[in-house]
Each structure stands twice: as C-alpha cells, then as structure tokens.
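Structures follow.
What follows is a pair of complexes built around chain A, which joins chain B in one and chain C in the other.
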Partner chain A sequence: MNVFLKELKTRRKSLIIWSVVMIIYLYLSMLKFETFSATPAVVSELLRNFPSTLKAVFGMGGLDLTTLSGYFGVVFAYTALLVAVFAGMLGSRVLSDEESDKTSEFLYAKPIPRSKILTAKLSVVLIDIVILCAVLFAGSLALVSKFSPTSQDIHFIILLNTAALIIMLVFAALGAAASSLLRRAVTGGKIIAMLVFACFVLDSASKLTPDLDWMKYFSIFSWFDAQRILTAMNLNMYALIASSALVVIGIVVTYVFYSKKDLTT
Partner chain B sequence: MTPAIETKQLTKKYGKSRGIIDIDLQIQEGEIFGFIGPNGAGKSTTIRTLLGLLKPTSGSATLFGKDIVNEGPAAREDVGYLPSEVFYYDNMRVIDLLKYSASFYKKPKRDIEIRMHELAKLLDLDLTRKIDDLSYGNKKKVGIIQGMQHSPRLLILDEPTGGLDPLMQQTFFDLLRQENKHGVTILFSSHILSEVQKLCDRVAIIKDGRIVETQSIKSLRGHNYFRCELELAAPAKKSIFANKNISDFSVHGHNIHFIWSGDVNELTRLLAGLQLTDISLEEPELEEIFLHYYKKEG
Partner chain C sequence: MNVFRFELRSLSRSTFLWILVLLLLTSIYMSVYPAFASDVDTLKNLYSHLPAAARAAMGLSHIDTNTQFSFLNFYGNIFPFFMLAGSIQAMLLGVGILSREVRSKTTDFLLSKPIRRRTIFLSKYAAALTSLVVTGIAFVAMTFIGAKITGAGSFSMTTYLLITAVFSIVQLVFLSLGLLVSQLIKKIKSPASISLAVTLGLFITGTLGIALGEDKVRYLSPFKYVDFLYVIDHKAYEWQYLVAGISLFITCIVMSYLLYIRRDRRAVD
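Right after this comes the complex of A and B.
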C-alpha cells in the first residue's frame, strides 16, 4: 500500500494537468462546431472542394463535419492520439522515474518483492487512466449537451470513450513493458512516444489511397477508426481481441523482466 | 550458528564491466567485517547482489540463512543498507522519507520512530527539512538513519564515510561500535584503509572482482610482511631481487626499497648475500599491504 500511495501522489500533478488540457482541447474544438452547425450548407460546399487527400490527413475522410457525431468523431481522433501519449508515457515512467532519479536503489533494497512494487505501480497507472477517461467522458457529455444530442450521438460518444480507454490501456502496457525490457528504462518512454506517432501516421496514410489501405492493420487508431464505429455503432471484435492480447502480453513481459531487472547506475 | 552473510562462488557478470567472480565469504553474526578494494574492484557489485539489486549470474548467497534470490524480501527484512551515494525523493521532507522507509518493515512503527528521533538527535539532523535542500553530508545522515532506524541485525555499509566531516565520522563510528556491542553484524566496504583498520575485526580484499585474501586485521598486518629499506655498499645486480615475495621494488642509487611478503628466513638468506651499509625492516601499513595485492599482477 505504501508504494501505491507514494506513486499515486507522484503522478497526481501530471494527471491534473492532462485532465485540464484535455478539457480545454475539447472545449475549444466544440466552439468551432457552433459555427459549423449554424451554417451547414456553407461548410458542406467548402469541404466538397477540399482535396480528398487533405481531408484524409486531417482525419475527416468520410465523416460529415456538419453533424454532431461526425464532427465529434474528428475531434476524438486527436483526443485519442493525445491520451495515447499520456498513457504510454505513464506506463513507462512509473518504472523509469525511480531509475533516473536513482531512488530505485533505496526501493529495491527494501524487504518487498519486485512483483509487489510492480503491482502497486501498475494499479496507479490503471487508476489514472480510468480517471482521465472519466474526465474525458464527463467533459464530452457536458460539451455536446448544448447541441441537443440524440441518443445515437450519446451512444457514439460512449463507444469513442471506450475506444480511448482501450487505446490507453494498450499503450500503457506497452510502455511498462518497454521500460522493464530495456536496460535504460528512460528509453522506453521515447520508444512508446515514437510508436504512438508511428501508429497515427500509419492510420492517416492508410486513408490516403487504396494502395496504402493495408497499413490500417498495423495501427491501433485504425482499429478503432471513428468513421467505422459511427457506421457500425459498435467496436470491431478483432480490434478488441488484438488490443486485449497486446495488454496481456505487455503486462506479462513487464512482470517477467521487471522482476529480474538489474539496478542500472 | 547461521552466518550473517554467506556467499558460495557468487558470480555476477554484466555488460562490459567485470562484475564479480566466485566470491566466497562467511561473515559470522556479531562481526565487523571490512571489505576493501579500489573503486571498480567489485565491492558495490557484491553488496548490490546480496541486496537483490542485481541478480547473480551463478553461485548463491544467504543472509541469516535466507537465500537472497528465492527469499529476497525475507532476507532483507533484517538488513539496513547505506549506499555509497544516497539519492532520495527530492520533493519529500526528511521525516516523510524516513516514515516511508519504515513502512516496509515488520517492526512496530512506534519503535522505529523512537529510534529515528534518537538517531536524528545524535547526528544533529533536522527532520522537517526537504530532501532537496540538504547538503550532501546531511543527505548521508538521512541515509544512516534510514539504514539503522529499524534496528536491523545486519548493517551493510558501502563507502559510508564519504561526505561526513571528521567529527561526524567519529560519532558515526562510535554509533557503529555501540550497535556492534548489541550484536549487530556490520559489513563495511571502503577504499580507505585507516577506517577499516580502526573498526573491523576481519577484512576481505577484493581485486578485479575476486577475493584475494580474507584475514583478521591482525594477521594481515602481522609478521609476514616487511617494508624493507636497504643501503648497499656497492650496486647490486637487479636480478638478485627477482623474487616472487618482493613487490613495490625501487632503486635510488645505493638505496633499495621493497615490500616483502612471505617467509622471513627466506628474506634473511637473500639479505645475507649482500654488502649492506644500513637496513631497516618495518611492519607495513595496511595500505601498503593492500597496494601489494594490486601491484603483484600489474
């Protein structure tokens, strides 16, 4: 419990900052929707003349920006990217911070098994992710409420938030695994940040031309593509299975390697 | 009686660094055991392996009979550790850090806290300050309290005196002697021999990752070693001094200096063949004996 509480306190500030930033981002994004929804004909006309590649790059390929769900889908693509960075860094840093602050020598010399330290730290990761997701969800609902959402819109927002939660869990597990696997745990954070952006680029590229369509299989952002979710009104089963597998693999790797990891000096 | 520390061919190899090879140690409960060797010889690696910070490549070790790998947490329950360089959570206050440290042990928290305040008073450390604001010497004091407040039966101290002023060192040594009187076993690693000489009963010398010798302080400084200064009547052939027992050999004109380690009769036989105008044989300092181990193979 002691390690858990200590870690919770260590991560508190960053969680608060991220929560505030995400709310501000959603708020500013939804401000623009006010204009969009007020003049749908103009926006539609404008977007029709937009090059389709450009639309693909900005993640608004098949989504109708003049509808609440369509607009929110585009906004949420970036939200998912941001929270993926948060989760990946969190998963990596709960393990690497003690190493770079050199406090791991203090901690590992205590009469506590590494596995217990890890469980405490990963619990904090899970709690922080759930909190950020709850903030996102509450924020999303509050911000769309003034545009009189239909029950369909609300259902869509729930699905997107669930997707964001899963994406966060995947990157957090991979971040923790990277940090426990690498001799210098700090490198784990950098690798995860690169992985997040690589996934984002693959997702965008896959929408550019049919030639690059295959790229969607390699990006978790494509697995949980907003347009597909909006059409199907569910989360793809294969995406759920693959994500769960990644989380399990990440956690197993973390436990195996963290437990026998040597102190780095 | 179960030894406080026992290692059997304990080996740790990692990366490019040498690590430790086949370390065999047996430290009895109640001993103050010195562990000497220069930086990079493997002192810290040995200690860190004992504490589970590093996983041994091969061999085994126990603390009070508990295996360091399979029963790591139980083995560490009765251990206090002071690392050579102390790093703590900068944004914590000293008292919070010490309470956090105490929370890992099974001993009653009240007893630990009482001891914490006693030690803080003795070492003159203000517990309300932030770790971040402390000087290196004061951080070291935090380390000492952190290592001793739960009254462990075994203290493992890695180069503990760095950063402490001479007066504080004295206080610290007195404290260690007092603990030892109450039965606490101490493993004291150092590259400063006078400290080890002052405090320890027995000493192990480590070189290039291997234990070169384990002796009582007395026998290490005993009759097997001589610092020899000779003044010759006539220059002698260097080959006369090509002897496996001679080290640290130097010639300045007619004056010859070396360290002898071995049978004293062999030394007198060698000297008998020389024309001397002066001779001085002295018991060397531990430091010189120590150097001898490092130069022998160099």
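Right after this comes the complex of A and C.
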C-alpha cells in the first residue's frame, strides 16, 4: 500500500499538467468550430469528386469538418496521439525511474515481493490513465454542449473516448513491458516514443493511396480511426480483440521478466 | 577537441539510425507520387471535359491543374512528416547532449578536467551540429534520388532546395530549444518523453492552427515558419516568420550557454 501511495504521489504532478494541457488544447480547438459550421455545403460536395490520393496528400480527405462529429473527430485524433505518449511514458517510467534515481536497491531490499511492488505500480498507471480519460471525457462533453449536439454526436464522443482509453492502456502495457525487458530501463521510454511516432506515420501513410492501405493493420491509430468509427458507430471488433491481446501480452511479459530482472544500480 | 571527438563518436550510431529512419520515411512517402500523378491525370481529364461555364459555376475556374498539382506541390504537402521526424531527432539531441552527464553521473569527471566550460559547451554543440549537417546532406540526397526514381520529371531546383532546406532550419531551432529545456529543468529523467511531447505538441498546434485559419500560430510553431505554397509561387521565404525562428534560435542558445556556464554543479545529485 505504501508503494502504491508513494507512486501515486510521484506521478501526480505530471498527471495534473497533462490534464490541464489537454483541456486547454480541446478548448482552443473547439473555439474555431463555429467558423467551420458556417462553410457552405457546396465545398464539401465539390471535394467529394476529387480523386482520393489527391485529397489525402492535400489533407482534405476524411472527415467532414462542417459537422460537429466530423470536426470533433479530427481534433480528437490528435488528442489520442498525445495521450498515447503520456500513457507509454507512464508505463515505462513507473519501472525505470527507480533505476535512474538509483533507488532500486532501497525499494527492492524492503520485505515486499517484487510482484506486489509491480502490482502497486501498475495500479497507479491504470488509475492515472482512467483519471486522464475521465477528464478528457468530461471536457469533451462540456465543450460540445454549447453546439447543441445530437444524441448521435454524444454517442460518437463516447466511442472516441473509449478508443482513447484503450489506446492508452495498450501503450502503457507495452511501455511497462519494454522497461522490464531491456537491460537499461531508460531505453524503454525511447522505444515507446519511436513506437508512437511509427504508428502515427503508418496511420497517415495508409490513407494516402490504396497501395499503402495494408499499413493500417500495423497502427493502433488506424484500428480506431475516427472516420471509421463515425460511419460504423461502433468500435471495430478485431481492433478490440487485438488491443486486449496486446495489453494482456504486455502485462504478462512485465510480470514474468521484471520478476527475474537483474536490476542495474 | 577531445570532447568534440568523443561526442561525435557517441553520436555516430544515433545519427546513422536516424538516417535510416528518414530513408524509410522518404521511401514510403515518395512512393505515393505515382498514384498522385495518375490522380492528377484523372482530374485533368475530368476538367477538360467540363465546359468553361460549368467550371466557373463550381468555383473551379481559378484552379490551374498544371501548376497546382505539380511534383513540388506534392513534395511540399508530404514534407511536414519529414520535418516532424527531423525535429524529434534534433530535440532529442539537444535535450540529451548536456544532460547526459547529469544522468550518467559524469559531470564532476568532465568538469574537473582542465577545459573551460565554454569549450565543453561549444564542443558539444559543434558535435550536435555536425550530426545534423550529416543528416541534412543525407536527407537532400534521399529526397532528390526519390524524386528521380518516382518519375517526378523536371522541377525548379531553386524551389526544391528552398523547401528541402526547411528541414535543417527546423532541426536547428529544435536543437537549441532542446538545449535550453535541458538547462531549465534540473533533472531530466526521460528525454524521449519531453522531446516527443514538445515536438508533437508544436506540430499539432501548427497543423490545426493553420487548418483553422489562425495566422498568428505561424510565429509559434516552427513547423509553420515556411508556407510551401508561398515558396512554390515566389521562390522565396516569408521573412517575418523566419526572423521569429532565428530570434528563438539565438535566444535559446545564449540562454542555455549562460545557464550552463554559471550553474552550480553538485558532484552527486
């Protein structure tokens, strides 16, 4: 319990900063919606006739910015990208910080089994992710409320937030796994950073041309693509299965390897 | 000189890896060009069959399919992804190069050598710059060869170089920004997390800000100092934004230099 409380306190500052920054970001982005909703429908009609690669390269593809859901979908896609960084770093840092702070000897010499320490630390990760997600959800609802959203819009926002929560869980689990697998835990953070960036690139490249469409299977951001969610109005079943599998694998790897790890001091 | 050589050696692996990352990125994005070109042909066909009056009615009369859908236009539109990768590299480099000593507890070792702090700072900075220059040269070569392979045809060399140079400009700004961040924050536990958050944050600010028609954002986000459409039209940069970038660059370097020179370093933190 002490480990849990201590860890919770250590992570509190960054959680608060991230929550505040994400809310400010959402707020500033939504400020501009009014100018977009006023754009005549002719323009979106015109764009529909453009060839797809052309549209994608010029960044005009995808969601319709003149509707509340479409606009929010674009804004939220970037939000998901940012919170993925938060979650991945959190997952890897709860394990690596003891090493870089040179406190592993202190902590792991205490009469607490490693698995218990691990459980305490991972619970903190889970709690922080859920808190950030709750903040995002409350913020999104509050911000769209003044544009008189339909129940369809609200449903879409709930789906997007669920997707963000799942993405965060996946990156956190992978971050923890990376920290426990690598000899020098600090590199875990770098690997997760690269992973987020790679997923971002794969996602955006997959939309450019049908030839690169296969890339979408390798990026979690494409699994939970806002446009697909908006058309289907549900989360893709395979995406959910694959994400749960990644979370489970990440956690199992963490428990198995971290329990045996020779901690550097 | 020893510090410079040592840093250069320890940076060589990461420089090489980043060049590989860029090679992968440029291959992916440049390979889209043939599809883009064939789409342009479809569109041109579509237009030539439309009577002038219909084109005007649809608000398309001002679209010139020859200039607006050229290779350079394509290049300018995929360029932000290259810049993003480059900025992450530069920022990581900037954050890491001075703070590495703190993290690996070698500060007292290095500072007790008979070298001025000024020399240490400059050597490390020069090593980082060298790494970025090498990356920049490799990048120009990659995009140029990529353009030739994917059949871009002939394009204005000046415009192409002006666009490509933005990669290095953005890298320089982020290198200095990273240096300053590493001097402002006492102990950086995870350079990767700070670098990624700052670069992605500024990237999104820029992209979204422009999409939303906010011009002031261009002073804020280094990714938007240069508008590629403007470069394609005028073969020049818009100087007011570049000046903002240069001042940020100079401020960051001077501040991190002063902080580095004067800070009290504790042997064991």
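Note that the second predicted complex is superposed on the first by the 243 of 265 C-alpha atoms of A that agree within 3 Å, B and C clash if a C-alpha of one lies under 4 Å from a C-alpha of the other, contacts with A are read in each partner's own complex, and residues count from 1 in each chain.
We adopt the following convention: a contact is a pair of C-beta atoms (placed from the backbone, for glycine too) under 8 Å apart; a residue touches a chain by one contact, two chains touch by 3 or more.
Worth saying up front: this structure is predicted, and the values here are computed from it rather than measured.
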item	value
First, second, both or neither for A:134, with chain B first and chain C second	neither
First (chain B), second (chain C), both or neither touched by A:158	neither
Which of chain B and chain C A:20 touches, first, second, both or neither	neither
Touched partner set for A:245, first chain B, second chain C, both or neither	neither
More chain A residues in contact - chain B or chain C	C
Chain B versus chain C as contact partner of A:105, first or second or both or neither	first
Touched partner set for A:232, first chain B, second chain C, both or neither	neither
Chain B versus chain C as contact partner of A:192, first or second or both or neither	second
Shared chain A surface residues [contacts with chain B and with chain C]	101
Chain A to chain B touching residues, read off their complex	2, 6, 101-103, 105-106, 108-113, 183, 260, 262-263
Chain C - residues contacting chain A, complex	25, 28-29, 31-32, 35-36, 38-40, 42-43, 46, 58-60, 69, 74, 77-78, 81, 84-85, 88, 103, 189-193, 195-197, 200-201, 204, 207-208, 211-214
Complex contacts: residues of chain B adjacent to chain A	14-15, 48, 51-55, 72-77, 79, 81, 83, 85, 87-90, 100-101, 103-106, 146
Residue numbers on chain A that touch chain C, as the complex places them	21, 25, 29, 32, 35-36, 42, 46, 49-54, 57-59, 65, 74-75, 78, 81-82, 85-86, 89, 92-93, 96-97, 100-101, 186, 189-190, 192-193, 196-197, 201, 204-205, 208-212
